[in-house]
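Once you scroll down, you'll see the structures, which are given as structure tokens.
There are two complexes below, and they share chain A, which is joined by chain B in the first and by chain C in the second.
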Partner chain A sequence: MSISRRTLLKLVGLTALGVTAEKYVSVHAGSTSAKLVAKAIGAGKRLAGTKPAQKVRLAMVVDLRKCVSEQGCTKCIDACNKAHNIPDFGESKDEIKWIWKEPYQDAFLDQENFYMKDEFKNKKVPVFCNSCDNPPCVEVCPTQATFKRDDGIVMIDWHRCIGCRYCMAACPYGSRSFNWRDPRPFIKDINPDFPTRMKGVVEKCTWCDERVSQGLSPICVDVCPGKALVFGNLNDPGSEVRQLLKDNFSIRRKPGLGTSPEIYYLV
Partner chain B sequence: MYDSGKIIAGLIIFAALFTSPVWYDVLNGKALQRPDLVLPSKENQKECVAAAEFMRRDHMRLLNDWRYEVVRKGETYFSSDNGKEYEMRFTKTCLGCHPNTSQFCDQCHSYVGVTPYCWDCHNKPRNLSIQ
Partner chain C sequence: MIEHAFRGNKRYWSWLVFLSLIILTGFYFYMRQFNYGLGITGMSRNVSWGLYIAQFTFMVGVAASAVMVVLPYYLHDYKAFGKITILGEFLAISSVIMCMIFVFVDLGQPFRLLNLMLYPTPHSLLFWDVIALSGYLLLNVVITRVTLDAEHKSTAPPKWIRVVIIVSIPWAVSIHTVTAFLLSGLAGRPFWLTAIMAPRFLASAFSAGPALLVVLCLVMKKLTDFDAGDEALKKLGLIITYAMCVNVFFILMEFFTTFYSGIPSDVSHMQYLYFGFEGKGKLVPWMWASVALAVVSLVLLIVPKTRENHRTFFVACITVFLSIWIDKGLGLVITGFIPSPFGKVVQYWPTIPESLITLGVWAIGFFLITIFYKMVLSIRMESEA
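Moving on, here comes the complex of A and B:
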């Protein structure tokens, strides 16, 4: 079959028109179909372009007046280490830490104060991952292994971690540790229900995401003998954390950096 | 053709060396064996989390889904087509029914030559010390 020049030009014109129309239609239909998809997967708010009013923003309150870590209490640390298979290498160079203690002055560097209550001078402050509301680690992670859950927990997906350690450089609290060695041989009593980690990945406290997903509190909160740790939803005005923050003076670690840490210390 | 004798002899030696791994296994009686699976026998473990047909082909996809749901979406339960709910836990759920990985997972995996790296982190059940 041969096409005359005239027919060819007509066809080209029609095709160009068709392509433009298709683009136009799909751009405008795109938003509706995206909405339908969003509805189907229950994520309407997220895809609609506006930031949804966050329903849950989990936070932790640490009542330092009740915490007796200076007397050698390590219940929260021990329970966490056991639940999460944290190795003990017996030296600090390769140490893996999820919860650990810092002297008051080190934990709150910007609170420099030579004269203070004796009680606080010798205080060992339990510190965790702050699950910042504006987490720098999430910003720098090249594989989205570290991300913020809808409830505010800064999570780490070990399956995606490539061990580049950008997050460690970005975290101003030193909350992250790198596995320089295979941790398995250094875990005394392996809890089979929680995976260990392997050489070459970064890890940190995840506020017991595996328990929180099931409606439980983090294990440190549950085992604290003095009930010094309180966990809850900051966006619920009736929650215990909100009440505590309303009735007491609280400080946070390095708030000036703009990371918006979500652990509040009562002093 | 010059030196055809040498060339043909060389080719035969080459072919013998090249296929020697196969001969080695055949002569040692280690020829490839079909996977021999030990399936769960307990009364309450008669069904897998999905149809056996599906699991045989797509268990790695299912595991990938579970991991995505748990780690990234914070979900906990998987509702199966058989009407039951299963906790999406690798060690607790899968290995709860298939505890002896060397008589199950590894059978197929060594047959097809895949070595999932999951065990670098995920634990085998405590009661079997086959870490």
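Moving on, here comes the complex of A and C:
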């Protein structure tokens, strides 16, 4: 078998591309081997890095050392609730939440450690939608009402959602809320710049897509008094998020599930 | 053919009126749910699927179980099932319709149902479930219509229908497999993330479904001239026995893997379901009732004497049905959500409106079964006369 110079060059080029792609997968995605197997059997519809890396992959870094939520700070939560017309029903059954606090050991359930630093044992961790790179909610949604934008934000079309709540079953982070009843009478003062929702649809944090589209940061990032939240482009090596992740040890929630959550916690 | 459904004795009519009242009650509460929202149910942010989806899961099994009479009759030419095959198919039709209604009443925005078709999404298992269920419904409607028509005219059914029947056999398996995949494909719900979910679904379906068919046959024997025949009932008894054994075996497999491996996220769900977790265990008495019913049923089924005696066999079938209903129509779906992804136990219990809506859908199922079986029996009586 003879291979022409041209073919050979092509092959070399393709191999190089393939190696780069695989490297990208292994750096970027959670369970690499599973993904490579999936890729091999052609089930790679939601593989990170199988297509050329997009220019922007938004991500959030939460510096838990700076967050003072255990001291009662709820600035990010309050600002979010107000900006997004989130109702307050005064009970937990119908509750809607976009950002909230969870004890460290509940937010990182698989990181059980009784002898952890007291500082973290008592820590309250702000949790929100992880806008996963492999979002299971997007995969299961039967109407594509929930979808991933090119910059990585996971969105919900409140006009298309049929309220089947399959996404709520699929989300490993409990990030999604359902409008069990009409939320409008329970919104303290309505922000006219943001839509209210109707009963029967699912909602969640969308990393303030309405602000991101205007070149702004999510409102929680802006109002954080300790500058504990940092938002930026993960695919830009010079971005602040990348610098923080380079210089600090970070963890993510349930990375072992292969969802590739894009919120990084500095501990 | 349908005209036979409009003729019947007083008992027939009072039964239908009784069912209609339950249906109307359910409808009234559905309208209340429609106006208020799904908050009228016991479901919450943490337990976001409840009785409706659990009933859906259970009824898909009953629907699929028709294959247990269709396969021996058409594929193995097992003549003894000649009288009951069409009853199995009508049971499938009624169950699939119940499934569809259960999904419908569970929707937050029911008027947007058609979005499922407007934006077909092959990467969602729910899309495939819609295809599987509606296809199965269509197949069984065609099959029952054509074969019953042939029986009505005392002619042999056309040859092409055999192809449709053969297709319906793997299709029946597919509806319950896809429904299992709906749950078992979710990485974030360890309770459902098990490869034997689909086999377990099939085993429970092939015991609970035929058990219901036997109960219906024995009730009809008591109330009408219909007799399924001793041989058919005996054979169904064997099928139920084997399927129930396999079903219990699968449940024990889950116990072993969960508790021996001891992974906390897996253990917590099983623990909640059977023993209670963090002092909470609303489902615990139910699950042990299910276990007790399963044990009773297995004894009655495995001992040939009690299996072949119609009275004890009837009890056995009721216990099989109830045991699996508790396991699948109550425990399996709800426990996937308890504890929550944060390890918290938020319990669920259906509310009264939710239970009455559920009861209403069951009544629709019984209503359909009644008029379908009435049609079959009247047509048979007519052709015999």
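Rule of thumb we're sticking to: the second predicted complex is superposed on the first by the 216 of 267 C-alpha atoms of A that agree within 3 Å, B and C clash if a C-alpha of one lies under 4 Å from a C-alpha of the other, contacts with A are read in each partner's own complex, and residues count from 1 in each chain.
Keep this in mind: a contact is a pair of C-beta atoms (placed from the backbone, for glycine too) under 8 Å apart; a residue touches a chain by one contact, two chains touch by 3 or more.
Not measured: the values here are computed from a predicted model.
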item: First, second, both or neither for A:Thr143, with chain B first and chain C second; value: second
item: First (chain B), second (chain C), both or neither touched by A:Cys161; value: second
item: Which of chain B and chain C A:Pro195 touches, first, second, both or neither; value: first
item: Contacts of A:Ser213 with chain B and chain C, given as first, second, both or neither; value: first
item: Of chain C and chain B, partner touching more chain A residues; value: C
item: First, second, both or neither for A:Pro255, with chain B first and chain C second; value: neither
item: First (chain B), second (chain C), both or neither touched by A:Gly226; value: neither
item: Shared chain A surface residues [contacts with chain B and with chain C]; value: 198
item: Partner chain C, residues of chain A touching it in the complex; value: 45-46, 92-97, 102, 106-107, 109-110, 112, 136, 139-145, 160-166, 168-174, 177-182, 198-202, 254, 257-259
item: Contact footprint of chain B on chain A as seen in their complex; value: 147, 149-151, 155, 157-159, 190-193, 195-198, 209-210, 212-214
item: Sites on chain B touched by chain A in the complex; value: 67, 70-72, 74-76, 89-92, 120-126
item: Contact footprint of chain A on chain C as seen in their complex; value: 36-39, 43-46, 48-49, 103, 106-110, 112-113, 115-116, 118-119, 121, 123-127, 130, 182-183, 185-189, 264-265, 336-337, 340-344, 346
